[in-house]
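Scrolling down, you'll hit the structures one after another.
After this come two complexes, each holding subunit A, first together with subunit B and then together with subunit C.
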Partner chain A sequence: MGIKAIYQEHYRLILGSASVLGLILVWELMLTFLIPLNPFFFTKPSLIAVAFKEQVIYGALWGDLAVSSKAFLWGFSFAVLLGIPLGAFMGWRRRAGYTLDPFFTALYASPLVALAPLIIVVFGVGLLAKSVLVFALSVFPFIFNTFAGVRSTDPLLINVVRSFGGGEKDLYFKVIFPTTLPYIIAGARIALGRGLVGIIVGEFYAASEGIGFAISRFGDTYRLPEMFAGIFVLMIAAVVLTEGMRKLEAVLAPWRTTEESR
Partner chain B sequence: MNRLANFYSEKEAHILGAGFILLLIVLWELIPHLLTVSKGMSLFFTTPLRVIEAGYQLIVENKIQEHFYASAIEFLLGLGLAIIVGLPLGLIMGRSRLLDAMIDPFVTVFNATPRLIFLPLFILWFGIGMWSKIMIVFVGAVFPLLINTYEGVKNVDRVLVNVVRSFGANEWQTMKIVVLPNSVPYIVAGLRLAIGRAVLGVVVGEFFGASKGLGFMIATAATNYKVDVVFVGVAIFMGLSLILTMAVKKIESNLARWRPEEAKTF
Partner chain C sequence: MVSLIQARNITLSFRPKNRESVTALNNFTIEVAKGEFVSIVGPSGCGKSTFLNIVLGLIKPDSGEIRLNGTPIKGPGQERAMVFQEFGLLPWRTVTANVELGLELKDVPAAERSERAIELIKLVGLAGFERHYPHELSGGMKQRVGLARALATEPEVLLMDEPFAALDAQTRDLMQAELLQIWERTQKTVLFVTHSIEEAAYLSDRVIVMTARPGRTKSILKINLPRPRDYEMRLCAQFNDIKADIWNTLKDELSARSLDGH
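Up next, the complex of A and B:
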């Protein structure tokens, strides 16, 4: 296989990594040779790498990451546990859907983050307030995607199961759950992004630990390399989680390749 | 009686939906009359009527206007900037294989990351004035616009593009005649998502290191236990985002009747 053929096959990967590497190189060289570096204003990749290594080895950032993850997991788990049954109920009972849909839509469309200061004042600085914030932001994608999934269930399939003597349990496990699952996973990906917003806002606003707090503290103290290291850690975590969810979606629902952009 | 029943069955969805929201508001108002709110809790408690009264007071005393204008300008400038940058970039990425492959890693990474994380950096770079907020609104709103424009361009019918090309159209004309009109539904959908992100950026941006804006008003009111003022701010944000998203949604459904229904996204 010639070089050209290899390039043709992997051109996205090659060009993509080339542009990322190129940008890092230009960034480094520009600030080393062309523009005098003002450490209170900007930093460069080599300094960030040093800060990153220090943070990872001495583990300060791991602790912050663990604190943030804990709040995230609590809020997200409650969103799953409450959102999915609620959405299924709304989809399965027509009148329940009519009743709850406008109310939840209003909450989903509005920036609930605006309540963050109040949530923090009420629940105090720490795990509880952050978890509540994550929950409030990430519950709605679960509700609405489960709702849409259950409603999209083919009535024909339901009738078939009923005709062959299937009970309520068979309906749920053989028809409704498989139809709804891809919707739920898609919802989980959206909820993930919103949940991360909750964590970050909670920790920016009032916290004593956590990755968002670390980043804003480094910013306040003009430690730019450390701040960038923190931002990159969060970026890596966000990409791994989102792409993982996307992979899961592709495995569980290979037919749903159309994407609404997020 | 029959007519009433008919009316009900026709409008059941609206009646139940609106009725539930009204019921919740009335119940909220009645809570202090039904149970005694403890002294500690009453600090954090308010009722809809008190919120309306506080809102009225703020307007009469000319206290809220300044915050409102500040937020509106940040929102409009940030979103405008996002449109100016996002649309052309999305079009170019959709039409050029090379640039698509080169820019895609950045778009994927930044889109997955909550862009609010850049707020401390922007405050450092642009100061605590209006520009750090405009920039945070911009980075929030630009990616949904860019990605949806890109998707729209990618989904343009190849046959149509080839027809126009065969008749001798150049890239610019192809763009104008086929690509752009066909991407409009996607772009509008992107705009709806972008509005949500922009509002988020305004709110959170004003929480930190700001001296005016509705987000600032909410944050200071919360620390001073003025819960009714908090809810005034929240209600304004809620109302505006609802009106804006519904308006764009309306345009969207007019533009793309043939597209299948998706789960709601904001």
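Up next, the complex of A and C:
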């Protein structure tokens, strides 16, 4: 197989990797040869790599990651547990849906991170406040996507199940839930991003540990390589979570993934 | 003639939101014998699909009597199954799982379900596609699944609501021929709604022509073509005479409807 054939087989992977490596290389070279490096304002990939390695081996990185993950998991779990039933309820009971809709729409549209200071005043510094902030940011995609999913249920399929003698319970389990599931997963992907913002902002404002706190402290003390190492960790976490969600969708909703890849 | 289905003076009105009520069926009366293949043709909106839904048990008429084997129809039941125009397959289920739907809703044990599904998938010529999802199938294949699903519960009456209307002309011809074979083999009673005069003439023992809305029986034509039928019969003079008969009965209704301003 020639180079051309290899390229045609994997061109997506090759182009993606090339652009990332290219960016890193240009960044490194520019600050090595073109622009004199002022470590107070800027840094370069080689320094970040060293800082990252040190953080991983000696630093507080794992501890910070554990602290942040805990708050994230609490907030996100509650967003799932409350958001999905609430969205489903709004979808089934149309009047309830229309009654609640304006509040949720306003809250979803607003940059709720603005509430961070208030949440910290009310819930104090620490796990609880951060979890609440994650919850506040990530619950709405679950509510709205579940709502939309339930409402998009095909009335023909309802008739099909009824025509074979299916009752209310069968409609929920055999039609409405499978219709809604892909919507929920799509909501989860949005919620992940918002939840990560929540954790970081929470730790910027008031915290003594966690990834957000580490980034903020290293920034304040002009330790840019360490700061970027923290951001890098966040990026990895975001990519892993998003990809994980995609895999989950492939397992839970196989009819959708084959549909998209066609 | 022993009547399996007796519909007497069926009247039904719809009340669309903010509009005057529309009488869909007005004193509609028919009888269908056991094992008979009866088609209903009529202008759009004459209530032919509505009538099928009444026989299916999903809609209750305002007045009139509908009986199956002498027992009034009160809701969906195992003796009747519908093949839907838009297929109505559950997109998250494989071919096998779709065929099993009706059996599942009747609590048939899993082993028996899959045995029956495999048998029917073979009958409709879909062997090898058991694990495919609906979106991976062509229109004709989807309707084969719809047919297999309806046959799976072993109904006495097969209700078919323009089942081939969404298919291309050649697939349609093929499906008609296969439906006739399956009908001859399984001895079902078929109530078949269609817009196509040719389809009605080719398939049926009798063709019921309905009036424009509100739908009544305009006339009943007996199709005296020998059984089993084959495609060649469509080319003979007698077949053309039958089509002309149906057309002449129907055409006044079509113009009445277009003058109605709809």
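Please note the rule applied: the second predicted complex is superposed on the first by the 246 of 262 C-alpha atoms of A that agree within 3 Å, B and C clash if a C-alpha of one lies under 4 Å from a C-alpha of the other, contacts with A are read in each partner's own complex, and residues count from 1 in each chain.
Keep this in mind: a contact is a pair of C-beta atoms (placed from the backbone, for glycine too) under 8 Å apart; a residue touches a chain by one contact, two chains touch by 3 or more.
Remember, it's a predicted structure, so these values are computed and weren't measured experimentally.
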Which of subunit B and subunit C A:Ser163 touches, first, second, both or neither: second
Which of subunit B and subunit C A:Val175 touches, first, second, both or neither: second
First (subunit B), second (subunit C), both or neither touched by A:Pro111: first
When both partners are placed on the shared chain, which of subunit B and subunit C touches more of subunit A: B
Touching both subunit B and subunit C, residues of subunit A: 259, 262
Complex contact set, residues of subunit A against subunit C: 156-157, 159-166, 170, 174-175, 178, 181, 253-255, 258-259, 262
Of subunit A, residues touching subunit B in the complex: 11-12, 14-20, 41, 95, 98-103, 105-106, 108-111, 113-118, 120-122, 141, 144-145, 147-149, 183, 186-187, 190, 193, 196-197, 200-201, 204-205, 212, 215-216, 218-220, 222, 224, 227, 231, 234-235, 238-239, 241-243, 259-262
Subunit C to subunit A touching residues, read off their complex: 56-58, 76-78, 81-82, 84, 86, 88, 90-92, 101-102, 105-106, 133-136, 153
Subunit A partner contacts - residues on subunit B that touch it in the complex: 12-13, 16-21, 24, 44, 97-98, 100-106, 108-109, 111-114, 116-121, 123-125, 144, 147-148, 151, 189-190, 193, 196, 199-200, 203-204, 207-208, 215, 218-219, 221-223, 225, 227, 230, 233-234, 237-238, 241-242, 245-246, 261-266
